[in-house]
């Protein structure tokens, strides 16, 4: 493997890591910060991809589809929390597991009813369609660089919101002791609903942004679910910085694993998680260091 | 004492199924009954871990699948294998795997424990999926159902659906009575203590890691029993029986039925399997009905089917809540 | 609690068992994926099968056809139980299924144990008509080896490539397809430099695309299906490799996915036993009837479903409608000469189709068959002792 | 004459902060050694260090002369060094008798005897009944721990500690939140404990401490300010200053 290939593989690793962080960002908020074990996260990602497909074909422009999709996602998340989650916070974690599993089945079937079972593609918008030539007469798709940019923006946005603003502080306090924050006069139920809607919006955004690259097909949600939990857990539950570092780590391990150790490539990510959790049973970063 | 009679009555009734007249006692319903009972054993084994010891594992299918693969790999291809030996090898193999993984995962807690058990189960899945020796992604066959002989005489003729159903029913009875005995014993009460307050158990002097490991291995062994029954009944094993979906289904059965009680695990398994069969026969979009049922049960029955049922007839306060 | 539930379910099955009594009906068990990633393929196969039966006036060999459907969810862990629903509960005369190879392997086991007639309308696992071949198991689709071997010959002879790299998911179908391509390619002097594998169902290909670019082969052979096929072809083009290193594959890389792949697939050469524009009267008439009945364009899966019905009809006719005469049915199906939309087709000794494999080129939204890569190619059926 | 329990230079640092800094004290059989100090003096941390819940940063802990600094908490408990908790730490969903019986079972676990029912274990039931009797909970055997009053829960804490048949008992504020009448009964119990245990008593209630303690140690900011007989401690100027805060110093401060 000469240097150019090595550098390209590193770029691939970073890009895949950032994409993983974007896809897992919604879960970092809902599972990491709010402590809700949300198995339906993959379904929200799938909803995002199908929303990008339908809205892009309706409005004809990808950017418009994104905006419209985000608004719909926030409303969708708001209603979802109100109907299905508002009474679950005091319940045992396992009740959330059961509820969100039920949601997976419902969303999968609704998708089949509404949009059907065919495989669809979403065209990359024209101004992002080109490729940047890099070594080995290969070219790097500009759209993937755009995705990485979006990922960094989301990472920075989440980090600043949660660490540097009063709202972020209240959210983090709420996740540690919900009753205390309520007694301080904060309308915690509304705050939780908004944070949940934000988490759903992030998952839908990830689905929409990734759609042109990942394409849109039945069962795509289930495939990203486990890797998102791996990212959040390795990083340390509740830590945004941890999720980013974990996503990049997985990006490198997955990319170079496929090249050097094909035989075990499938198991490498889980080997990594097992190793990290045995070395630091609470993940890489404590929430306080997030 | 009252609950023991209820259990014996239930199993006696179930034993009558093969004798029932044609439309009900058909070979298909015996196979379905055996399938439900196998899943019940799998759910019971997970209940010991999740409901009674407070260890939520999302990788329990690793031991179910390991036992099934031990049978597939060791069963002779040309003639029926020795049932006793295969049963011991598969249950022992599953318990051994549970010991190995258990030793590693006990350091973690809570959600991290859930994810580490998932990670190790996925490792076992990929080892089986990617090695051709295990039959790769297409799976492997068991050509002849093993035989259980006692001094030359055939104890069970597993070829006959009725015999196989009774064999599975006996295994399920053994699981319920075995786990019930363990839960009533000092070991079981220690598990309950760990579930409610592990810190206090350590303060009293219990080496809780060793106890949790014991629970992990016992649960792994009984999951192996379910895996053995699955492999012998289907005669076909595939990596998907080790997938996280299988572990997830088992966890759902236990939560759906009600955490902490063996009856809950049974009720969860029976309703999960039979309802999905029934919904599938109703419509192509059966997952919508299944999802709706699950969401409904979470909303209306916070303590699961059996928990809810018990709440309905709460005549006297559950003085001693030790798992019956 | 449990007893009540078991009897309730039994009553629901009561009506089905009663229907068994009349003998002038043939019960066909369709075990196909109606949910999950292969749902579209399952529906296409069922449509194709029913179209042929409709064309015969709803009867085969004078017997009306009664359908029993089970959703196999492409889940091998439930496959035996699902197959038993059709074989033991509904007592079907013939089992038709399925798409996923793991599920098909389980169905083959159930069919052999219960001596039920089984027609596999898609799963290409070589074993089904290889080591597991048996008188009551037939296949109306292909073996993974066939299209791959044909593409190996095309890549070496027609395209004059000396070196190639193969890439696929790490699972049985992928391994068999790559082996078939390598056999064909290297038999004509080609050399496979590297066999790249991606863990199933991972769809992150960038790392291996870079590896391909670094290896600089003259050609790339890829085996993916469904969402994976769409993504790989688009990523391959996006990485700028499309014009520098030609991409080849079996027809599944571009069948039913062109709408999603768009320009990324244009001009691609693939080999498959079917092409959208095969200029035979049968194909035109089939595509017209299919489009009219289902408001959809047919694909290779619909053709395979259609031919499964034709094959069954041949067997029924040979036994004059009496399926209990199994030998006559089997002989009838073995010697059947099907006028399939894909062209003339017979069955090999191991019951796998002997068929023309077409070289197709992607032109807009369809795979145009530009020539016949290999005439009447038969699967070697290695390991079949029938 | 080796002490029942001896701490030599016991230290615990959380980052730069030394919550417990070089504390040395000794417990003798049939003696109550009280440790008093303002909030944040490190009393609870000291108990956690001695019981093995928290690992030591430095120093040694000896039980009957044997170095147990590296032992895990269960191992120390099995060797007869047991504790009660400041904040209730009992099995709330279980009955009072089962709480005590489980604690008693720790000394004779016999986990392999799965065929025997725990309820019929003669040893653990007898010990549990004794412990409940001593702590005035005999009547509440069948009630769920969750349904007990705060005072009763404090009694249950001590009962569970006794049920493990300890030789050295570390009591972390057993009187916290107790009414006068309940406190008197607890003090009577403490006096009976002295007969067959070495007792470390962490407490805020000065009257109770001076009523029962044989020796008193005063801790401030993680280290020992003074340690001697109750009368000497009462007259010790440093102690008064630490507790009451000297007026002169503030004036010219």
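Lettered A, B, C and D in written order, each chain numbered from 1.
As a convention for this text, a contact is a pair of C-beta atoms (placed from the backbone, for glycine too) under 8 Å apart; a residue touches a chain by one contact, two chains touch by 3 or more.
Since the model is a prediction, treat every value here as computed from it, not as a measurement.
**Student:** Which chains sit in contact with both members of the pair chain A and chain C?
**Tutor:** Both-contact set = B.
**Student:** Compute per-chain Cα centres, compare each with the mean of all protein Cα atoms, and return the closest chain.
**Tutor:** B
**Student:** Which chain has its C-alpha centroid farthest away from the centroid of chain D?
**Tutor:** C
**Student:** How far is the middle of chain A from the middle of chain B, if each middle is the mean of its Cα atoms, in Å?
**Tutor:** Taking the mean C-alpha position of each chain, the two centres sit 33 Å apart.
**Student:** Centroid of chain C to centroid of chain D, CA atoms only: how many Å?
**Tutor:** Chain centres of chain C and chain D, defined by C-alpha means, are spaced 74 Å apart.
**Student:** Using CA atom averages as chain centres, what separation in Å is found between chain A and chain D?
**Tutor:** Computed from C-alpha means, the inter-chain centre distance equals 49 Å.
**Student:** From the C-alpha centre of chain B to that of chain C, how far is it in Å?
**Tutor:** 36
**Student:** Could you pull out the residues of chain A that touch at least 2 other chains?
**Tutor:** Residue numbers touching two or more other chains: 108-109, 112, 266.
**Student:** Which residues belonging to chain B are in contact with no fewer than two other chains?
**Tutor:** Only 126, 129-130, 287 qualify.
**Student:** Name the residues of chain D that each touch 2 or more other chains.
**Tutor:** In chain D, no residue touches at least two other chains, as defined above.
**Student:** Who touches whom among the chains?
**Tutor:** Inter-chain contacts occur between A-B, A-C, B-C, B-D.
**Student:** Would you pull the chain D residues touching chain B in the complex into a rising list?
**Tutor:** Spelled out, the residues of chain D in touch with chain B are 51, 53, 72-75, 77-78, 82-83, 85, 89-95, 98, 101-103, 105-107, 109-119, 121, 124, 142, 144, 160, 163-164.
**Student:** Write out the stretch or stretches of chain B touching chain C in their complex.
**Tutor:** On the chain B side, the touching residues are 10, 13-14, 17, 22-24, 26-29, 31-33, 35-36, 126, 129-130, 136-139, 141, 233-236, 238-241, 243, 245-246, 266-267, 270-271, 274, 277-278, 280-281, 284, 286-287.
**Student:** List the residues on chain C that touch chain A in their complex, please.
**Tutor:** The contact residues of chain C facing chain A are 35-37, 39-40, 43, 170, 196-204, 206-211, 213-214, 216, 226-227, 230-231, 234-235, 238-241, 244, 256-257, 259-262.
**Student:** Write out the stretch or stretches of chain A touching chain C in their complex.
**Tutor:** 1-2, 4-5, 8-9, 12-13, 15-16, 108-109, 112, 116-121, 123, 131, 133, 135-141, 143-144, 213-220, 223, 254-256, 258-259, 262, 265-266
**Student:** What residues on chain A touch chain B, complex-wise?
**Tutor:** 37, 84, 87-88, 91-95, 97-99, 101-106, 108-110, 112-113, 226, 229-230, 233, 237, 263-264, 266-267, 270-271, 273-274, 277-278, 281-283
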